[in-house]
Amino acid sequence: MTASTATTTPEKHRSKGSSLRREEAMWGLALILPSTLGILIFAILPILGSFGISFTDWGGLSLPNWTGLENYTRALGDSKAIESIGRTLIFTILAVPMGLVVAIVLASLIQNLRLEKVKTFFRTLYYLPMVTIGVATALLFKVLFTAQGPINLPFNLLGIQGPAWLDSPDTVLTAIAIYSVWQGAGSSIILFMAALANVPKELYEAAQIDGAQPFRLFWHITLPMISPTIFLVLILSLIGSLQVFEAVLVMTKGGPGDSSMTIAMYIYKTGFNYFKMGYATALAWLLSLALVVLIVLQWRLQKSWVHYE
Amino acid sequence: MNNLVNNPNPVPRARRERWSIVAVLTLGSILIFVPFYWMITMAFKTPDEAYSWPPTLFPQTWTLENFQGLFATIPFLRMFWNSFWTSFLIASLNILTGAPAAYAFARLRFPGKSTWFGAHLLSMIVPWQITIIPVFLLIRAFGWYDSYMALIVPSIANGFSVFMLYQFFRSLPKSLEESVLIDGGSWFTALRHIALPTSSGALAAAWLLAFLGNWQSFLWPLIVLQSEEKMVLPVGLLYLQNQFSVNVPVLMAGATLSVLPTIVAYIFLQRYLTDAAITSGVKG
Amino acid sequence: MKKVFVLSLALAGAAVVAAAIAQTSAVTIQYATWDESRRPVDEKVIKAFEASHPNIKVKYNIVPWDAYWQKAAAMTAGGVTFDVMWMNLDNLPFYVSQGALEPLTVSASESKVIPNAMIAPYRTSSGKVYGIPLGPQAVSVYINRDLFKRRGVPVPTKSWTWDQMLAAAKKLTFMDGNKKIWGINGQDLQIDLEYGMSFFYTFGGTTIIKKTATGYVANLDSTFKSTAQKLYDLIYKHHVAPSSKEVTQVGYQIFLAGQMGIYVEGTWMTGVLNGNPKLNWTYAPFPTLKAGDKPKASTSAHALVIPKGAKEKIAALEFIKYVTTSPEAQQVISNNGSLATNSDAYKAQYSKSLPGRNSEVILEQLKTGVIINSDVRLVSNLPEVLGAMNTAFNLAWTGNGKLEDAIKKASGDMDVLLKQAKTLEFK
């Protein structure tokens, strides 16, 4: 399936002898062989296989029957699936902007510090949740978010009974979003710090001579200059949010009722709890399709706000 | 990235500003730190105290019974070790297969290059829901269910490691390798003696990110491993929660013991992780 | 020096060979259960089994309930399975219809020991037996004697009604210094769970899914509604049971800590409650609607099954028969506060192992117990239907919705799913 796309680069050094070229090609193929073999067997082949499964009624135990487009047409009328997509979008709207703002603000504050050691200290600390086992921290936040948990201590001091965050449909998605920002901000902060470090000083100096205020500097110089990174982080967190699963499985299993049943959780339940592997796979393909559409859309939109040098 | 300050004008008013920046950052750090503090102190509280309201900020009576409860419920050390060695091995295999591939993609010309590279990228972005069932079927066909092979072999190649190292190799100057090639050395020599030594930082970062990815993964091991003695830590923690006799202090003891070692290791290794994540411009 | 080396090498080699021989002569069977609370009893039974069957080793695996079925399905699909598995009636028809279980051969003398009523659900229309039941377990009522005494509530021993229980729960709800004492547990008594369903059957309910000429429809009738209301009111009207906003702990933890008067749970919790010697607990009769009614609490008889993919089928069957029919195992089980498969024959041991716990009410209750959803278990997507029902009621029981809305939603969601339902083959 790939031989037809050979020679992607124009041959320039024909005069130097094709033996060198051949040797380079041989080495190239040899060097990528182990990795590519692994990718082909355990990623590409399964992707093709799952596409096939999505057209069957396979339940996991007995043999599958071909059902054509039935799974896909059923998905379009599955109100639970559609509701779970809506919920996933709400979660994304809660988590992604919050994560972006927190990361940009913290990164630029850290970048404004003078002592390298202090910078390293904060950077290290904010990255800390990234190196812990997600299941462990999700379990921890499940405890923190109970009505009697420490997150409600400030409410208690004000004499208000704080909510049972994970037990109410009004707060459960917010709570999971807060957790995912807590967990994931570190890596975005590091990316933003890198971008901020690369903004040329001269730009600020020129603007300051004109008497611009810090906020204006940030808005008119910093943000446009780091916009490619904002775009990168946005795409990465969109992909993460739309597939949110681990936190939901550990913290709520989709409850209360199904108020935190995200699409990834719904697919998991459909496949592994109710043995509808064929249907679950079709849903997974629809999710990927949505992801691709979203990424392409962002790609188109970026032209209007991302500033490349 | 050193010594770059966005506001390069150290006039006196900057001092007050700087303190307020430190204050905000400290507040943020507290928000990061408080959950961990809660977890650790809860692990040492008696059940009575753990459930009391308002909660105590510091254990009134320190107890180790939660840790005893943890070790009585799951083979914690065994699971920790399983998680550690499998993650270690997989991360090493990722680099072993990924570094040459990344180098070839970044430097060499060979047939089908963009197709093979595209396959790596595709493996990176496709959601797990798509591949998990077919890979499971492969495992079944190979007869690897409930064996470490099921955990390790599908993870040997890692598209993300390849992509990350590819980005890095591309940023290296070509001149040194070219001199090796002109002297009659092979591409392999160039990779081994020039490219790899100069990129130890990026390799370390890619290794660490691969290690962390496996260290945290729980869905795949949950599905392909069965025997308790083969089980890995995140699944063990999930089991701990699922026991109908759910006991929060014991849970927190388990979380503490699984989180602390990585935090300690991270404090020593953080330079590689955060620096190289910066240099390569990708996140883990 | 060299000789010593060669000699030790030879010895080591011999030891390896000997170990290998010992290994091949003994088989190990993988035994899986979800019930952690039964562990002490199970381990004793396994020990006794291994003592009398030196060539079979039993590896005991506990997989928590939440992961158990997913694990079992993945394993069956993966072609590697446990040799002996716990199975419940909800899931049995699905596994049988997928050809995932091995039919078991039971001799006449063995089947004499197993009460027919218990094995019947595991026998197909063509007479094949796919599971041999363990002892019955029942949803029962535990009460804290000390709290009853303190509040001047008479301890019920033979029977009591719902109204009497509610009155007791009201008296038992009070502040003890700064500690809140609760009358009864409430979160677990969600109507669709086996605890809630026990009240439903006792109050005259028959089924939640009705078979029609064309298929199945939800049947959340007036008995269902009134029962649900009663249970719901414990938390949100009478405030004698804690809501999830009021407590962090689950019911058993509060009861175990001596802060709850009445606790509705399965008999499987007995061992856990015995773990607190300070807790003066006893079984109470299951409450009925009117005096003189018989309780119809949920009785489960989980069975041991052998999956098709099991490697040690002969040894597995040997083990199953030992656990369910041998006098040795029955005695070990009965002597440790659990009911044996042939519970009638071991009543005395059972009661003796639970001194002062009024275990007679359990034996009495078993006579009229019902198997939950036994009439609808051939509905092909029953787990999903029950899942939808659970989701709807969970919203009400967590205090996030009205009960009427939950009933409406449950009924509607169930009907949607039941339209796709087929009847499983069980032969």
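As written, the chains take the letters A, B and C, and residue 1 is the first residue of each chain.
Just so we're on the same page, a contact is a pair of C-beta atoms (placed from the backbone, for glycine too) under 8 Å apart; a residue touches a chain by one contact, two chains touch by 3 or more.
Being a predicted model, the structure only gives us computed values, none of them experimental.
Taken as a contact graph, with one node per protein chain and an edge wherever two chains touch, the assembly is complete, since every chain touches every other chain.
By C-beta contact pairs, the most connected chain pair is A-B.
With centres set at the average Cα position, the gap from chain B to chain C is 40 Å.
Chain B has its Cα centroid 15 Å from the Cα centroid of chain A. Listed for chain C are residues 66, 70, 74, 77, 248, each touching two or more other chains. Counting partner chains per residue, chain B shows two or more touched chains at residues 51, 223, 238, 248.
Multi-chain contact residues of chain A, defined as those touching 2 or more other chains: 143, 148-149, 272. Considering their complex, residues 2-3, 5-9, 21, 23-29, 31-32, 34-47, 49-50, 53, 106, 108-114, 116, 118, 120, 122-137, 139-141, 143-144, 148-150, 153, 156, 182, 187-188, 190-191, 193-194, 196-199, 201, 204-205, 208, 214, 217, 222, 232-233, 236, 239, 243, 245-246, 250, 264, 267-268, 271-272, 277, 280-281, 283-285, 287-288, 291 of chain A touch chain B. On the side of chain A, the complex with chain C involves touching residues 59-62, 143, 146-149, 161, 163-164, 167-169, 253-259, 269, 272-275.
If you check the complex, the residues on chain C that touch chain A are 66, 69-70, 73-74, 76-77, 94-95, 98-100, 244-248, 381, 383-384, 387, 391-392, 394-395, 398-401. Against chain B, the residues of chain C that register as touching in their complex are 36-37, 61, 63-67, 70-71, 74-75, 77-80, 82, 248-250, 252-253, 257, 272. On the side of chain B, the complex with chain A involves touching residues 1-9, 18, 21-22, 24-25, 28-29, 31-36, 38-39, 42, 51, 53-55, 96-98, 100-101, 103-105, 108-116, 119-120, 122-123, 125-131, 133-135, 137-138, 153-157, 159, 162, 186-188, 191, 212, 215-216, 218-219, 223, 233-234, 237-238, 241, 248, 251-252, 254-255, 258-259, 262-263, 265-267, 270-271, 273-274, 277-279, 281, 283-284.
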